[in-house]
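Lettered A, B, C, D and E in written order, each chain numbered from 1.
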Amino acid sequence: MSVIPISYYLVLSAVLFGLGVVAFVFKRNVITVFMSVELMLNAVNLAFVAFARAHGQVDGLAYVFFVIVVAAAEAAVGLAIVVMLAQNRESLNVERMNSLKF
Amino acid sequence: MESQENDRNPAVEKLRAWDAEAVAEVITFRGETTVVVPVRHLRAAAEFLASEPSLRYSFLSDITTVDRFPLEPRFEVNYHLLALERKDRLRLKVMVPGNDPALPTVIPVWPTANWHERENFDLFGIRFEGHPDLTRIVLPDDWEGHPLRKDYPVEGYR
Amino acid sequence: MNAHGKNRQMTAPIETAAGPAQPMILNMGPQHPSTHGVLRVVLELDGEIVRKARPVIGYLHTGIEKSCESKTYSQAITLTDRIDYLAPLSNNLGYCLAVEKLLGLEVPKRAQYIRVLLTELTRIASHLVWLGTHAIDLGAMSVFLYSFREREEIMKIFEFVAGQRMMTSYFRIGGLALEPPPGWLDRVRRVVESMPGHVDEYEDLLTRNRIWMARTQGVGVLSAADAIAMGVSGPMLRGSGIAHDTRKAFPYSSYDEFDFQIPTQTAGDCYARYLVRIAEIRESVKIVRQAMEKVPAEGPIRAEAPGIVPPSREEMKTSIEGLIYHFKIFTEGFVPPPGEVYQVIESPRGELGVFVASDGSPKPYRVKFRTPSFVNLQSLPRLCEGRLIADVVACIGTTDIVLGEVDR
Amino acid sequence: MEFISQHPVLVAAVVKVVVLLFVVMTALAYLTWLERKVVAHIQSRWGPYYVGAHGLLQPLADGIKFLFKEDVTPPASDRLIYLLAPFLALSLALTALGLIPFGPPGVRFPNGQPVFIVSDVSIGLLFLFAITSLGVYGVALAGWSSNSKYPLLGALRSSAQMISYEVSLTVSVVGVLLLAGTLNFNHIIEGQRGYWHWLRIVPHWYIVPQIVGFLCYLTAAIAETNRVPFDLPEAETELVAGFHTEYSSFKFAMFFMAEYANMITVSCLATILFFGGWLSPFPDRWTWQLYLPGAGLLALGVYCAYDSVTEMRGLARLQLSVVTLLALGGGALCLLPGVAPVIQGPFWFTAKVLGFLFFYIWIRGTLPRFRYDQLMSFGWKLLLPVSLANLVLTAAWFAWGWVRG
Amino acid sequence: MIFPAILFFVCALLAIVGAVMVILAREPIHSALALILVMMSLAVLYLLLGAEFIAAVQILVYAGAIMILFVTVIMVINAGVEERTDFSKIAKFAGLPLGFFLLLETAHWLYHSAIGAAIANGPGAHAEAFSTRELSTELFRRYLLPFEATSILILIAVLGALVLARKDE
């Protein structure tokens, strides 16, 4: 094997995305749930870069750039919310967060 | 011998004029004036001395005890007062009996009394009633006895 | 075990310790680089903000007051050195003055001036240690070594005069232990001449330093009313704007013959206390200069008091009374009249009160040292509650505590 | 042999990495010596003195001591992370150094690989920042995994501090990037060749137009490396030793080395970005500068010879003689016509970096420490706006085309 | 050139292991570390794909900033071991196999699609590495509006985080 087809990257991306979904569904702690979203975003980024490579265009990279930026913004706000939750509630378990107000 | 003369100390005069019963005895020795105050008058006398505008003993230097074991009343608690503006010192002395030694706290008058009272509680076992946190200060919490008492064995209890 | 360790090891289904903000309890000390010995401060933290501070003392309690009761009046002097080990001569002086007051003894002028000179040197040395440790607490490392360099010169003077660097026991009841060796004043002069320059050096490094000012200004503020209420004394009281100095208010040991100022600052913060102490070093230098002028080259260094003050070596060897008194003083001690005295001096840290009660026996019935560190430390919670951990360090620094003195 | 000839890049890279590691490790050790010596002299004392002449063997003694100290792992710690943290810190710090060009790319091995450049990445600066930005993990994880309060506080402080100052650090160098128009270190350095046309004796270094950016960079770099006056994560008088309170033995030494490696990295970066990297400050026509390194080494040798004569202790004397011989020999070697031009780049680079390191140590001997909140407000309210303003001004400069180099 | 292939498989394996660790780890901080591992491996893969800039940004922003935020938050709120609660049996016995099947199907489709056959590395690869200059030109010309929009988004996010984190006293 001397070369790697794009499809390998795409398969890896799909696997990572799938694992991200599994993590999202299975994890109970708000922070880890949040992290699984990041994992899915990363998987998507990989697909973007692979496609950019396949087409030889930089648009894919631009998308990745935007995804990363948006992820940063999301992390800032999301983690601020997590800190708020941690300060105000007994637990960080997502299953116990079934009310918007308390 | 401690001379027991009626001094012309203005503070003593004022204290006496305020409440004659508050002054049980006045001792002058080497230029230092000591006023012996009965226990029940201590708190009121302290407030008077600290707040009376012409006296203003606003600074409490020290609280210390002398154990006159086996005499009774056994403990003499001394309050060393200082009037910062007038540059004058005065010692209040309170006689406390040996069984169940207890005194009213003077923390509301002089907040600095907090640790002094804890120290006296720790080393002499004198209770200061109304003290917010009357715990041992220099010795461990589980220490037995009060080492500065004269009947405390020098080798300790254990 | 701390908060997250506890959770980690608990098997119960607790997924997080997050909850309505539990305060974090932090034990600062008894072993900690900036608690100056074995002070322990229990801090209740909210993030880095100190919600509650509780000093816990007693780790160095050695029962000096109890030990004094089983020694003769003269023997107890050696114990006083160990109370404030940064200013042993101040303690010597306070105790000796108290016993002298009890005895009604007048000390010759020469001894008084030498006492003033040496205690002022002690004050300089003690302030230098304070400056160095306070600076290193706030991260300024070099000042520490500079100030210890200068302190060393003063320690050498003590060694030269008294034979001991720290535990001098040089002041005795009725005077001094020894005639100071010839040439000692030259050494003192050398130190005193160079000291103002050195103080300028420290000030160059710190006083106008922006970081230093940011770290100390507005930190640990103690208002004048609070200062009096908490009974703090010395530079802490003067830093809060109250010009009270025992040397002026109740002059002892001929301090009334000296010309010096009481430096005060009104801000009441760490910076004010720093400025006060720096100014005090300069004032002390002034006093030492005057004392060098005043000290007569010749003259008695002990009071004429047979039976109380030991006779000179020569007298002991040549006269029978001298021999008898010498023997009696060192076997039985002397007997002061029954009574109680409270002698106050201005130690480097503030008001050092010595309460001596005599029952007419050769041993003191009760000795109590009202040590400034003990009382000043009590104000620590007021200084640092509601502020950051780093400020606790600054506050402990400017309280200038010596744990030997706090615990005794 | 066949393998070597077939894989010139790989072989050259391995050789360079090994040499770099050796040099950097030695430099780290002697940086601690230098720091102790300089600070000692600032504080009017001797510093390391007894182990070897001038305490020159002190780093070795320290290393041996670290190796033989008991290695304590707190029982309640998170084992894996506790072990991982120091490795992470040190390996990241050393990796960052691999991106630094220590000399001109023109100097090459016989197989065509540059001698002084381990890896020439087209966006080297970005990668350097990427790697140094990971340095926080070593600190944060160490503090967290120790499961103790002082380290935790130290870790929290440092993550906040390093994230905050990273912003200013990055923004402050963007001005240089605008001037250079590239992210590649070699191109940045090449852009600084020559002289400013309005003043022929001032080298075309980017510090001249970017003095504000440089000051911002310097401040942020000190904060990034946790040095006085920003050494809050390990403020010993407040947090005992901060994040590495619970670390002992060699793991502690690794944090120590990582800190010094980071110091070297930021000094190298300052040299490259603002001081012309391996370029000489003098014009090329001054040929005598070729002999400067050799002359310097010879002077050092002469000094050591003098010193070894006056040295009283036998072993120290021997050691000084060895140093003398090395210095004289090295000096002679550097004077050879074939070697002198080659050694120019690394010589100037090292000299500049040493200047920065000295500056760091000097600051440590002078300044007190900031308080946490002051540090934060300094970073966000002063440093960041100033470096942003610098960036905007530089951009405006370009937009209106006031000056072009 | 066997080197890229080895690198690809090592990094792919590390990424998958990391992702599995994210799921399996019971402590959030271990999950976070595993996630960082995934991101680092992806960064190497980006390098392999010739996207140097994206690789650097991946490390700089994702691993260096976002994950640091996660780690810090975990440390601050002291998140301990995760509680395991039962979830529905349908999810367990139907969801998992279905998900796995979906994954397989996607992989199969990808593998046989036209685009998948393109070669990423080695001889026959499409082009040289992407140039950062090209990417930036693209970003500031064609994608200028989204670019500015994201910067405003970041600003809003920062303000939002500030408002949320501020303690009302």
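By our rule, contacts are C-beta pairs under 8 Å (C-beta built on N, C-alpha and C of every residue); 3 or more make two chains touch, one makes a residue touch a chain.
In this text the structure is predicted, and so the values were computed from the model without any measurement.
K.L.:
Kindly indicate the chain pair that has more C-beta pairs in contact than all others.
P.N.:
A-E
K.L.:
Of the chains shown, whose Cα centre falls closest to the middle of all protein Cα atoms?
P.N.:
Located nearest the centre of all protein C-alpha atoms is chain D.
K.L.:
Roughly how many whole angstrom separate the Cα centroids of chain A and chain D?
P.N.:
Result: the chain centres lie 36 Å from each other.
K.L.:
On a C-alpha centroid basis, what's the spacing between chain A and chain E, in Å?
P.N.:
A distance of 6 Å separates the two centres.
K.L.:
Counting in whole Å, what is the centre-to-centre distance of chain D and chain E, each centre being its mean C-alpha position?
P.N.:
The separation of the two C-alpha centroids amounts to 32 Å.
K.L.:
Chain B to chain D: how many Å between their CA centres?
P.N.:
From the centre of chain B to the centre of chain D is 65 Å.
K.L.:
So which bits of chain C are touching at least two other chains?
P.N.:
Residues 4, 8, 15-16, 18 of chain C each touch two or more of the other chains.
K.L.:
Can you list the chain A residues in contact with two or more other chains?
P.N.:
Within chain A, residues 28-29, 86-87, 91-93 contact more than one other chain.
K.L.:
Among the residues of chain B, pick out those that touch two or more other chains and give their numbers.
P.N.:
In chain B, no residue touches at least two other chains, as defined above.
K.L.:
Would you pull the chain E residues touching chain D in the complex into a rising list?
P.N.:
Where chain E meets chain D, its residues are 27, 29-30, 33, 36, 52-53, 56-57, 59-60, 63-65, 68-69, 71-72, 74-76, 129, 131-132.
K.L.:
In the complex, go through chain D and note every residue touching chain E.
P.N.:
Within the complex, chain D contacts chain E at residues 78, 80-81, 84, 121-123, 126-127, 129-131, 133-134, 136-137, 140-141, 143-144, 152, 155-156, 159-160, 163, 166, 183.
K.L.:
Within their complex, state which residues of chain A touch chain E.
P.N.:
Within the complex, chain A contacts chain E at residues 1-12, 14-16, 18-23, 25-29, 31-32, 34-36, 38-39, 42, 45-46, 49-56, 58-59, 61-62, 64-66, 68-77, 79-84, 86-87, 91-93, 95.
K.L.:
Taking the touch rule as given, give the residues of chain C at its contact with chain D in the complex, in rising order.
P.N.:
Those in contact with chain D are residues 1-2, 4-5, 8-9, 24, 26, 32-34, 48, 135-142, 145-146, 149, 205-206, 209, 211-212, 214-215, 388-393.
K.L.:
Considering the complex alone, what residue numbers of chain E touch chain A?
P.N.:
1-2, 4-5, 8, 12, 15-16, 19-20, 22-23, 28, 31-32, 35, 38-39, 42, 45-46, 48-51, 53-54, 57-58, 61-62, 65-66, 69-70, 73-74, 76-77, 79, 82-85, 87, 91, 95-96, 99-100, 102-103, 106-107, 110-111, 113, 115-127, 130, 134-135, 138-139, 142-143, 146-147, 150, 153-154, 156-158, 160-162, 164-165
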